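Given below, in the form of structure tokens, are the structures.
Here chain A shows up in two complexes: once beside chain B, once beside chain C.
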Partner chain A sequence: MLTLTFFSLGITITALIVPGRWLWPSLLVQSSILPLITLILLLPHHSSSTWHTLSTSLATDSLSSPLIILSAWLLPLSLLASRQHLSKEPLARQRSYLTLLSSLVLSLIITFSALDLILFYIAFEATLVPTLIVITRWGNQPERLQAGTYFLFYTLFGSFPLLISLLSLLSLTSSASIPLSSLNDLSTLEFSNPSLALWWIASIIAFLAKLPIYGLHLWLPKAHVEAPIAGSMILAAILLKLGGYGLVRITALFSLPNSFASEPIITFCIWGGLITSIICIRQTDMKALIAYSSVGHMSLVAAGIFSETTWGLNGALILMIAHGLISSALFCLANLSYERTFTRTLSLNRGLKLITPLSAAWWLIVSAANLALPPTPNFSGELLIVTNLISWNPWTALFLGLTALFTAIYSLYLYQSSQHSPNPSSFKKISQTLTIEHLNIFLHLTPLILLIGKPELISLAW
Partner chain B sequence: MVLQLIGRWWWVTVTPAFIALGYYLDKRSDNNYSRFKNKSVLYRRELQPGEKDPWT
Partner chain C sequence: MSKMNPLLYLFMLSTVILGTIIVFLSSHWFFIWLGLEINTLAFLPLLVASYNPRSTEAATKYFLIQALASALLLLGGLLHAATINSWDPSSPLTPLPLTLLLIAIALKMAIPPCHNWLPDVLQGLPLLTGLILSTWQKLAPFYILITIQESIPTWLIVTAGFFAALVGGWGGLNQTQIRKLLAFSSIAHIGWTIAIIPFSPQLATLNLIIYFTITSTLFLAFHTLHTLNLANLSNSTNFAPWLTTLTLITTLSLAGLPPLTGFLGKWLIIQELALNTNTPAILILVLGNLLSLFYYLRIAYVISLTLSPQHTTSTLAWRTSPSSSNFPLALLIILSTCTLLISPSWLPLTF
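Presenting the complex of A and B:
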């Protein structure tokens, strides 16, 4: 694992020292090699049920490997997507932007591969700093400062209880090791049920805010709407998955609270998924709609994780990876429209099919995948979670069915309202789309299409 | 000429140097894990006649 970690550290340092004219070419080349090396190192072990690529405090298993590969895959894509946006900025700002993005991927790789919960916590919090700077410094509107404040306070509000929880764990069991977490079941300690439940809530609240589930989600639409393109891409594709990853790791410690508290929380997640899919239909801002769509999908992921069954956990992992690629592609497409029409309002982005026909095809494919059309991995993930939840309680079929219906409605609404209808009169002169933009979307969809044929690459081996 | 090239392109070597350092540390860590393997209760086995201990 240190090879990958030092590789991403090298990219971060290169971004700081490389001469100006070589800044973009060198970063693009190096960040394109990173996913290749990651695939070479991690893919041979995908079916291994144990930890592999061990270093002193870093290792990967079948849960963290796909998420690390996704993080590495999205670095060059987010750089490609931001190039146009940053081209008019001074060199120093471009350099600091690229340094922040590569340091973000470095901390993500450490978070996903940490063998110790304390190291995991430090790296988890370290992702906050570059994301916050990217949102508040490179956002387009003055509201970015408010978005940054929301992002900071929601995350910190959840993180302090988690820190106290992890330090208590360390002092009581003398180990915060993730591989030993199944042996460190806290239910065996002599605690009353209420205090164990309080400890459990303190441990999961940070991840529920990060996912986010409905109720702790208000920071997300603001952050997505205000963030620059690369910020939105990485936020939607990977940072939300940190919440899901943390939940899987931390719930292994609490078998007893999970058993009595999972029912209300799963019910709440299903309810949240339905509400957010209805909220999506009344959005007028393209990015806000995609952000709320992420909240809905992540609610399903949380429900799958709290069910603590093989189907639920596998479905959650598959949906996290598939949603990571699709939401990132949706943000890329929204940016493609924004760079031409200079508005994110859906009603002012009509009729783009006539001007940019190929991007209309991408919109169709990505919207179809977002509504979990078979045979995309989004469908496999949702099917596993939904089947699992219906077998838990048949009444959930009603709410999950409605959620699926509303998801289909807003995904088709997004496609239809942006591509069909006559162009508004405000469209005077719209530049053609660039090959590099199409390449970017293509590279988002390629792994998704390949995963249809080999879904075991993103399934848990334990 | 060579010095000029190095002076102009030295930054190209930074990332490969970091990769090499990471690879070296990974290998060292692997060796540390396997060095005492035959002393662990879980992985201990009878050595073949003439076979050396893995840590020698």
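Presenting the complex of A and C:
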């Protein structure tokens, strides 16, 4: 694990000190080597059911290694995507932007591989500062300040209870180690069920706000709409998955209260998924639509995790990885048209098929994957979760079916309204798409399509 | 301070230090009072060193409050001596002297409800004098508080602590003056510090040191930027881009965001309180911290996150260019952002 952390630390330092002429080439090369190293290091162990790649306090297992690989994979892609809009900035600002992105990936890798809950918490929170600065410094509109405030306060309001809960755990059981947590039977402590449930809720609220589930989600559309492209990509692809990852780790700690406290939350998540998919249909802003679609998918992930069955957890992991790639690709595509039309409004981004034909194909594939069309991994993930939830309670079939229906409607609506119908007369001088942009989408879709053939790479071994 | 003879200034400054050291070294209530009075009287000329109506007002307010506090302290000490016939500060206190002493300390350290003088006084001072006021001047009363903490009921000091955290958070929400913001931030941090005194005085000292480091960095940085209010701060980034960027991170460190230094104190305090299962106190402290975070965030936004493409709406101030090397500030910035990563409490997590 130290290889990975030091490598990404090295990228951060490179971004600070490399001469200006070599800034982008060296950063792109280094950040492209990072996912290769993660693949070489982590992939051979994917089927082992225990912790591997140990260093003193960092290790990975079959839950964290796909997420680490995804984080490393998205760093070069987000750099590629932000090359265009950074090119007009002075060198020092490009440098600080790249430093922030690479330090974000560094803290993500530490978060996903931390063996100690306190270290996990610190690294989890360490992602806040770079993200906040990226949103509020490189966003485009004055509303970005409000978005930054929302982002910070929603996250911190949830995560202080988490800190208190983790430190109480540490003081009660004298250990905050994740691998040893199965030995800490909290039911032996002298706690009544309600107070244990309260403790459990204090521990998960941070992750519920980070995912986010419906009800704690208001920061997400704002942050996505205001963030620059790389910020949106990393936010959607990985930062939301921090929430899912944390939920899996914390629910493993509390086995007792889950049984009676998680049922209302599962119901709430299913309702939230339905409501957000309806909200998506009435969005006028392309990025806001994609952001709300993330909320809907993440609600399913949360429901899968809270069901605490092998099917639910596996489905949640598969959906997290697939959604990470797809939502990032959607933001890339939205940015591709934004950089040409200078608007995110859906009704103005019309008829792009005629202007940029290849990207219309990308839009089709990505929208199809977003609505969980078989055989994409999104489909397998949703299938596992939905099956699991229906076996939990048959009535959920109604709401999950409606959610799937509305998801299909808004995904196809996004595709159709942006690609079909005559393009506005203002679109006369639109520049061609660049190879680098197609490469970017291609690199998003390739792993997704390859994973169709080998889904065990993103399934849990325990 | 330029209007004062440097030798005289140095003399006054060393007398301020002398007064505090007398407090540290004495085991007799009368000498503690003496040390505090020497400290106050030597500090007054420093307050009016840059002579203007604001600083005169600040000095007058400061003098009145400190004189009242010292008188109460002396009265408390005398009553203590009269009741149990001992001048020893560490001997257990009876309720009446304890109350008088606590009010005196609350006045000296600006603990609510005796805090209202601090923002006003700080607002009238140049930043470097303000730096002394909000760091060194807290030491002597803090030492007295630690000395008598055995006699203070735990609930009282914890309640005072979380009141201070809340008031510090609430008061700063409405301010646009840097010095007032720093004053309220000082009140909030003193709140965190005293809330932990009954459980671990060492931790309180550590938190105070961390706070001193970070707040000194901010005072020095704003001094270098010649900035006294938020509007002026908004265009200082063109003047010193790196310094403003680092000040941004230092501000977030003062707010206690991990992995910056400010988180260290909060982490250990929450851990200690959780060890004593004092969850309500933690919740209120954290709530106060979230309130303070709001104005730290506003400083952070103004200082370097809102540059072009927006046009500046504030007038540009004349500034002399900063000296090229500012070693103390550089050292302080490193300390106030990176200490968590090299602190011993980090070690068990990583090695």
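The rule we apply is simple: the second predicted complex is superposed on the first by the 462 of 462 C-alpha atoms of A that agree within 3 Å, B and C clash if a C-alpha of one lies under 4 Å from a C-alpha of the other, contacts with A are read in each partner's own complex, and residues count from 1 in each chain.
The rule is simple: contacts are C-beta pairs under 8 Å (C-beta built on N, C-alpha and C of every residue); 3 or more make two chains touch, one makes a residue touch a chain.
Quick caveat, the model's predicted, so the values are computed rather than measured.
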First, second, both or neither for A:28, with chain B first and chain C second: neither
Touching partner for A:129 - first (chain B), second (chain C), both, neither: second
Touching partner for A:461 - first (chain B), second (chain C), both, neither: neither
First, second, both or neither for A:56, with chain B first and chain C second: both
Which partner, chain B or chain C, touches more chain A residues: C
Chain B versus chain C as contact partner of A:354, first or second or both or neither: neither
Which superposed partner A:149 touches (first chain B, second chain C, both, neither): second
Which of chain B and chain C A:118 touches, first, second, both or neither: second
Shared chain A surface residues [contacts with chain B and with chain C]: 56
Chain C-facing residues of chain A, complex: 56-57, 92, 96, 107, 116, 118-119, 121-123, 125-126, 128-129, 133, 136-137, 140, 142, 145, 148-149, 152-153, 156-157, 160, 163-164, 167-168, 170-171
In the complex with chain B, residue positions of chain A that touch it: 1-7, 9-11, 13-14, 17-19, 22, 26, 30, 37, 53-56
Touching residues on chain C, where the partner in the complex is chain A: 241, 245, 248-249, 252, 257-260, 263, 267, 270-271, 274-275, 277, 279, 282-283, 286, 289-290, 293-294, 297, 301, 304-307, 309-310, 340, 348-351
Chain B to chain A touching residues, read off their complex: 11-12, 14-19, 21-23, 25-26, 29-30, 33
